[in-house]
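Multiple structures follow.
Below are two complexes that have chain A in common, paired first with chain B and then with chain C.
This part shows the complex of A and B:
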C-alpha cells in the first residue's frame, strides 16, 4: 500500500480548526454579554486545548480522544451534575430568571390604569414605513399617532371623521378595517404607546385604549419593590418571590437555592410521598416482571423451536423477531389503538368494553403485555444463541446418567443459560427501569393516582413521573422537584451499573 | 444443542413426527401469530379507506390509498417534514456516534499513553449517568445556551444532534475497543514501515477492517435515534415543524384517536417498513452485536 500525499488531510485539518476558532471568537463575547460565564469559559478552554493538541506533533493518542471527551463533558457529565444543583433550587415556571432580570421584568410589566375612562382609537398603517400605528383621540378632542416608541400629535386637518364621529381617513396613513385588525390581534397584547412620565396608552379593545401607569419601583439598597399608587411594600421571601405583608406575590419570581426543600417535599409531604413510593415500587416490580416474563417466554420458545429435526426454524426465527425490528414508538402506539376501550380490536373480539388503559390493574397488565410482545424477541435471540453454545458433553453426560427431560431443563440448561446471560439480563433490567416510551406512549402513566394532585399515575415509572413533573402541561414545570426525583433515579441506575460491572468483571478484565 | 446422531440418520415416521415435532410447530405458529398481529393489523388499517378504528376489519372491505392522502395533506401535522427530520437527525447521529466512538476506541486500543486506564474508567463511570435521566437539566441548559447560540436553542434539530453526539463516547468506545484489540498489531507495524502516518493507518487500515462492526453500530444508532422519545420531545417539543416522527406521531393518540387511526397506521407503516427490512437483512450482524457483551463477560 502507498502512503504518499498528506497535504489534503493537512488542509482539511487547518480548515476545521479555523472554523472552530472562528466559532469560539464569535460566540464567547455573546455568551459573556448574556452572563453565561460557565460556557464562555468552557468554550474558550476547549478551543485552546483542541488547537494545542491538533497543532502539536506529539499528543497523538489525545487527538483521537479529546473531541469526543469535550462533547461528553458538556452534554452528559455536566447535565448530570447540573441535575444535582437544580435539585436544590426552586427552578420552575415563574422562577426561571435570575433575580436582577426578574425584578426588571416585574417593574416594566407593572401597569395600573389611571382613572377608568377609555379613549377612542383607530388602528392604521403608516404609509411611509408600514408600521402599525394607533390613531388616538385625546381627552381634549385632538388626535395623536402612537407607536410602541413614540406618540406625536396630528393636526386636526389630517383626520377626516364620519358623521357619527368615527375616523375615516388620516393623511399619511391607511386605516385598517375591523377584519384586518382581528387578523393581527396578537400584536396588541403588549402594545403600549409611551406618552412620558411613565404613562402609556394600552389597547383594551379594537377601538379603544386606556391610560396606564407603571406603578412598581425597585429600591436596590433596601431590596424592596414599592407600589407607588397604593404604597404597598414587597420584600423578597426565601422562595425567590417579592411578597407583600398581606402575602400577595408579584410575578415573575427568580431562581434561588432552597436547600433540601425539594428532597424533604418528596419524603415528608403527603402529596408526594405516597405517590412517590407507589411509583418507586411499581418501577422495580415492572422492570422485574418484564425481564422475567420476556426471558421465560423467550427461553421456552428458543427451546421449543430448536429441535434438530424441526424444519423451517429459520423462518420462525425471522418472523419472531419482527416486533423487535419494528420501531418501538410506533408499535406501542399501535397497541394503544388496539387497547382502545370503545373501538379497539381487543375489546371488539372480547365483545365487551373493558377499560384496559383506564383501570389501574388492567393498565398495568396492558403495559406488561405490550412489553412481553416487544421484549420477547430479544430474549428469544440471545437464548437461542446461548442454547446453541451449551457444551454438548455436559448434556450428554447428564443424559447418560439418566436425567429426565425436565431435570435436563431445570438442572442443566436453565442454570447454564442464566449464567451466560446474567450480564444481559441485568442490562435489560436497567433498560426497562428507564423505558420511558413503553409507559408514556401506551398509558401516559395513567390512570391518575388521585391523591397525587394529578401528576403521578398508576403505571408511572420513575422516569415518566419525573418527566411529567417537569414538562406536563398545566400541572408540571417544577424542574427543581423533578431534578430531586431524577437524583434518586440516578442513584438507583448507577448502583445497578456497579453491580453489573462487578458481575461481568468489566474492571478486572480491562486491558 | 446436542445432536443425537442416531435420531438424525433415521427418518421419522408420521407417528413420531406428530409426537415429537408437530406440537413445536403449533407453538411456533401461535407465537408467530402473536408477534405479527399488531403489524398485520396496522397494515390492514392503513389500506382501509373507512379509516376509523371502530369499523376496521382484518381484510379491508374497500381497500385504497385514502389514508395516505390524508396523511400527506395535513398541514397541522406535517408528516413528510417529520419523516425528513427523523431521517436527517438519525443519519447525522448514527454517523457522528459511530465516528466519535470509533476514533476514541482506536486510541484506547492502539496507544499506550498516560491516563489511558483513567480514561477507560471514566467512560465506564459516565455510562452510569445516562443522558436520559438528565433530560430536565439538558432542557434548562439549552434554554440558557440558546439565548446566545441560535443553533443550540430549544426547538432546533441541530441542538438535538449535538446533544446526542455528546453521549456518543460513552456508548460505543468500549465495545469498539474490544473489537480493535482483535485486529493484529502487526498490520499497523507493517504500514508504519511503509511510511503511513497514524491517521492513515486509522482511516485506510483499521476503519476498513472494522467495517462490518461499524455498519451494525451505525444501524443500531440510527434505529435508536428514530425511536428516541424523551430527550427529543424535551428539546424539540415546542416546535411543530422540527419534530421527529417518534414525537409527532404521538399527537395522533388524542381525543380523536379513533378518527385518526387510518392515517396514523399509514404513517406508521411507511416509517417502520424500511427500518424492519434493513434490520432483518442485517439480522445476523445485529444479533452478534447485541450479544457481544455477554460473550466477553
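This part shows the complex of A and C:
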C-alpha cells in the first residue's frame, strides 16, 4: 500500500462516510420500528447515493450538488409538501387519530361499567389448548372459565379454594402465579370475556375483572356505528366523525381529507375572514413601517458617521452594532420586561401604569419601537457600505456644478443608494413580513381582537396568527386551518422574493 | 489495494460497528415498566413516593419530566404511535381536549365517594371519569382582621365595612381582586347569578352559556355600583398592593399567596366570599390528578400504581407538602389538621364549581376577561359588556 499526499483527505472521506453509514444503520431500524417508512427509505437511498457519488472518482459536479439537494428535500421540500397536504385535511383537535384507531377508541370507550363492583379472578392456562383463561367468581359465588371468545360455567367441584377464598386449583387448568401473570401482562390491556347480552367481564387488575356493557358496535361492511341500546345509527360524515341522523357526534373523530374547506373557511367564514383581513392589513403595514423607519434612521446615522468632520466614528459605529450583535430573542424578551405595565422599568420611570402591551395602539407602537431598535443597525451597516461605495467622481462633479448639500443628498446620494439597496429593502420587507419572534415574544400577538373568538390579536402578523391557530387557540389546535393560512403567507412571501430577484436583475443589467 | 477498495472497506467497517451497537436497546424492553409524564415540580415527589412500591413489585418506574405547556400536544401526537406514557400528571381542565381526541382511558376501580366531589366532577367528561384527583385548589376571601374585625357573613357587611373605612379614610379599596381576571372575579360573578356553562345530567352543556344569564342581567348594575363606589378598583392587580399596605380590608386570592400573607405580618382570616346576589358566590376549583393514556403499554401496572400509590393518604400528603393544596382524598384531607389556612380554603372550595374542562372553555377566557376590563375601565356598563362577551363566545364556539 502506497500513501500519496492525498491520503489525509482520503482518510477524512472514509471517516465522514463511515460516520454517515453508521448513523444510517443505527437510525433506520429505529425508524422502521416506529413505522416511519418514508424516512427509513429516504435515509437509506440518500446514504447509498452519497456513498456512490463520493466513492467514485468522477462526478465532481454531482459531489457539490447532491448533499445540498438531499438536505433541501428533507428540510424544505418535504415540510412544504406536508404543510400543503395538512391544509387539505381536518387535522385538528378531536381529529388526530386514523379512522381505524378512532373507531376502536369509540367502541372501547362505550364499555360502561354495570354497577360499580369488581369480581375476583384468577388467570389460568387451559390444559387442552394452552389458551389463557380467566377463572372468574360470579356474584352468586359460582365460578366460570372465560376466554376472549366464550364464558362457560364451572362445576363448584372443579375449583379448589384456599382458606382465605383464593383459587388454588382448577380441574383442567393450570393456575398461573402472579409472576407468570406479570410476564404476559400486556395481554390484559384489553381482555374482555363475553357473557352474552353485550355484557363482558373486563380485566382491571391481575386478579380482578369488572362487569361492563358494550354500548356501541361497529359494522365494518356498512361502515356504521350502532348504539346497541337505542338502535341509533351513526354514519361517517365528510369531516371524519361518526354522526347520527339527529346530528349527534361521537368523539373522537379521525383525520381525513376535506378538500378546499380550510381555504374556503379563511375566505368565507366571517369568524376567520374578519380577523384574517385585519391581521393581513397589519402585517403589510407593520413590515412596511419597520423597513421605512429602520432605513430612515439607519441611513441618517450612516450619513452622520460618514461625515469627514465627525469624531470618534469607530466608537459610535461599534456601539451601533450592539443591538445587531445581541440575539434578537434575548433583546425582545428584555423589551417585553421593560414594557411590563406593573413592574416594567419604562412605567417606573414615567411613574404611571401605561398599558404598553395591552392597549391595541400602544402595543403596535411598542412592537414598532422594538423593531426600530433591533433593525436600525442592519440598515446602518448596509447604508454605510452603500454610501462609501458611491462613485466620488459623480459627487465631485455635482459639487463642481454647484449643487447644494441638500441637492447633493436628494438628487445624487439618495437615488444612488436606493438603487443599490432596493433588493435588500425588499428582502428586509419579506423578512419582517414573517418575523415571528419579534411579535410573539413581545406581545404574543396581543391584545386580543375580541371578535376573533380569542385567536387573533391586534399586533399579530400572519405568521404568529398561524402559529396561535395551530398550537394555542380556539377549541384547541387546528393544524389544518393553520396550514391553509400559512399557504397564503407562503404565496405572499414567495411573490415578494420573485419581485426582489427581478429587481436585482434589472439593476445588474443597468450596471 | 487501490483507494476505491480502501474506501469501501472503511464504509463496511463502520457499518459493522454500527450493527454491533444495535442489539443493545431492544433487549431491555421486556418486563414491567411504568412511564409517567410529569412537570418538574412534582417529578421528585413522584419518584420518591413510587420508589418503594416499584421495588416491591419489580416495576421499572420512569418519571419523565415534560414541559408543562407542551404535555397535551405531545400526548396527542405521541400516544397513538405508542410513544406516549402510561400515566400523566396534570390539571383537570386538560381532560376535555384529551378525551375528545381519544387519547385518555377512563378510570376503573376508583371509589368516587372517597374523593372531594369537585375533584371527581372536575375529571369527569361526558359521564366518564378520566382522572384520579390528588389535590384541589381555589381562591377565597382574605380578610384583614384589623380593618374588618368580624368576618363578613353577608355581602351587605362587606359593603358596610368598606363604606365606614372609606369615610374614615383608612382604606383605599374594599376588595382587591385582580383587574380583568375572570378567574379571580368568579366569586363575584357567580354571586350575581352568572355562570360559564350549565351542568346537566350528561355533564357540561356547552350550549347553555351563562355569561349573560337572566339572573346576572338583572344584577349587573350592582357590579357597576361596586366599581363606582370603589369597593373594587381597576388599579388592583396580582400584587394586591393595597391589601399588603393595610389599605384594603379584603382581597381575593389563593393558597399560592399564603407565604406572602404570612410574611406581611398582617393579621388575617381566610373566609368565604359572601353571597352577592341571591345565589352563592362560588369560586372555581382547580383539580390536579393522574390521567391514563388510552394507548398505555401497561394498563394493569398503571392501575396498580393509581390504586396502591396515588390513592393513598401518604402519597397525597406528600404532594400536599409541595404546595399547601388540600388533598383530594378525603381521608388524607382529614389528616391536614395543623394547617387551618388550608382547611379554610378547602371549606370555601367545597361550594366551588370545577373550572369547565370542555375544549370550548378556550374560547371563553379572552372575551370574558375583556368584559371585566371594560367594566372596570368604565368603557361599558356591566350589562352591555357581558352581553357582548356572551355573543362573541357563542359565535366562537358555534
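By our rule, the second predicted complex is superposed on the first by the 339 of 511 C-alpha atoms of A that agree within 3 Å, B and C clash if a C-alpha of one lies under 4 Å from a C-alpha of the other, contacts with A are read in each partner's own complex, and residues count from 1 in each chain.
Keep in mind that, in the parts below, a residue touches a chain if its C-beta (ideal position, glycine included) is under 8 Å from a C-beta of that chain, and two chains touch if they have at least 3 such contacts.
This one's a predicted model, so the numbers in the text were calculated from it and none came from an experiment.
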Output check: A:292 vs chain B and chain C. Expected answer is one of first, second, both, neither. What do you get? neither
Looking at the overlay, does A:48 come into contact with chain B only (first), chain C only (second), both, or neither? neither
Which one hits more chain A residues, chain B or chain C? B
Check the residue A:105 against both partner chains and state whether it touches chain B (first), chain C (second), both, or neither. second
Answer with first, second, both or neither: which of chain B and chain C does A:57 touch in the superposed model? second
Now for A:490: first (chain B), second (chain C), both, or neither, which partner does it touch? first
Using the superposition on chain A described above, determine whether A:471 touches chain B (first), chain C (second), both, or neither. both
Check the residue A:505 against both partner chains and state whether it touches chain B (first), chain C (second), both, or neither. first
Go through the superposed model and pick first if A:267 touches only chain B, second if only chain C, both, or neither. neither
Using the superposition on chain A described above, determine whether A:336 touches chain B (first), chain C (second), both, or neither. first
Shared contact residues on chain A, chain B side and chain C side combined as an intersection? 1, 6, 34, 96, 342, 471
Residue ranges of chain A touching chain C (in the complex, touch as defined): 1, 6, 10, 13-15, 17-19, 21-23, 25-26, 29, 34-35, 51, 55, 57, 93-98, 101-102, 105-106, 108-109, 112-113, 118, 182, 185-186, 188-190, 203-206, 208, 210, 251-252, 271, 342, 353, 448, 450-454, 471, 473-477
Tell me, which parts of chain C touch chain A in their complex? 1, 3-4, 6-8, 10-11, 13-15, 17-19, 21-22, 32, 58, 73, 76-77, 80-81, 83, 97, 99-103, 106, 108-109, 126, 128, 235, 237-239, 294, 296-301, 303-304, 307, 359-360, 362-363, 365-367, 370, 388-389, 392-393, 395-397
Residues of chain A touching chain B in the complex: 1-4, 6, 9, 27, 30-31, 33-34, 36, 39, 60-65, 67-69, 71-72, 74-80, 82-83, 86, 91, 96, 301, 304-310, 316, 318-331, 333-338, 340, 342-345, 348, 373, 376-378, 381-382, 385-388, 390, 392, 395-396, 399, 420-424, 427, 434, 436-437, 440-441, 463, 466-467, 470-471, 479, 482-483, 486, 489-490, 493-494, 497-498, 501, 503-507, 509-511
Help me check something: in the complex, which residues belonging to chain B touch chain A? 1-4, 7-8, 12, 20-21, 24-25, 27-28, 31-32, 34-36, 38-39, 41-42, 45, 52-54, 56, 100-101, 103-104, 106-108, 110-111, 113, 116-117, 119-121, 124, 126-141, 143-145, 147-149, 162-163, 165-170, 173, 181, 191, 194-200, 202, 204-205, 223, 226-227, 229-230, 233-234, 237, 245-246, 249-250, 252-253, 257-258, 261, 264-265, 268, 271-272, 275-276, 279-280, 283, 287, 290-291, 293-294, 296-297
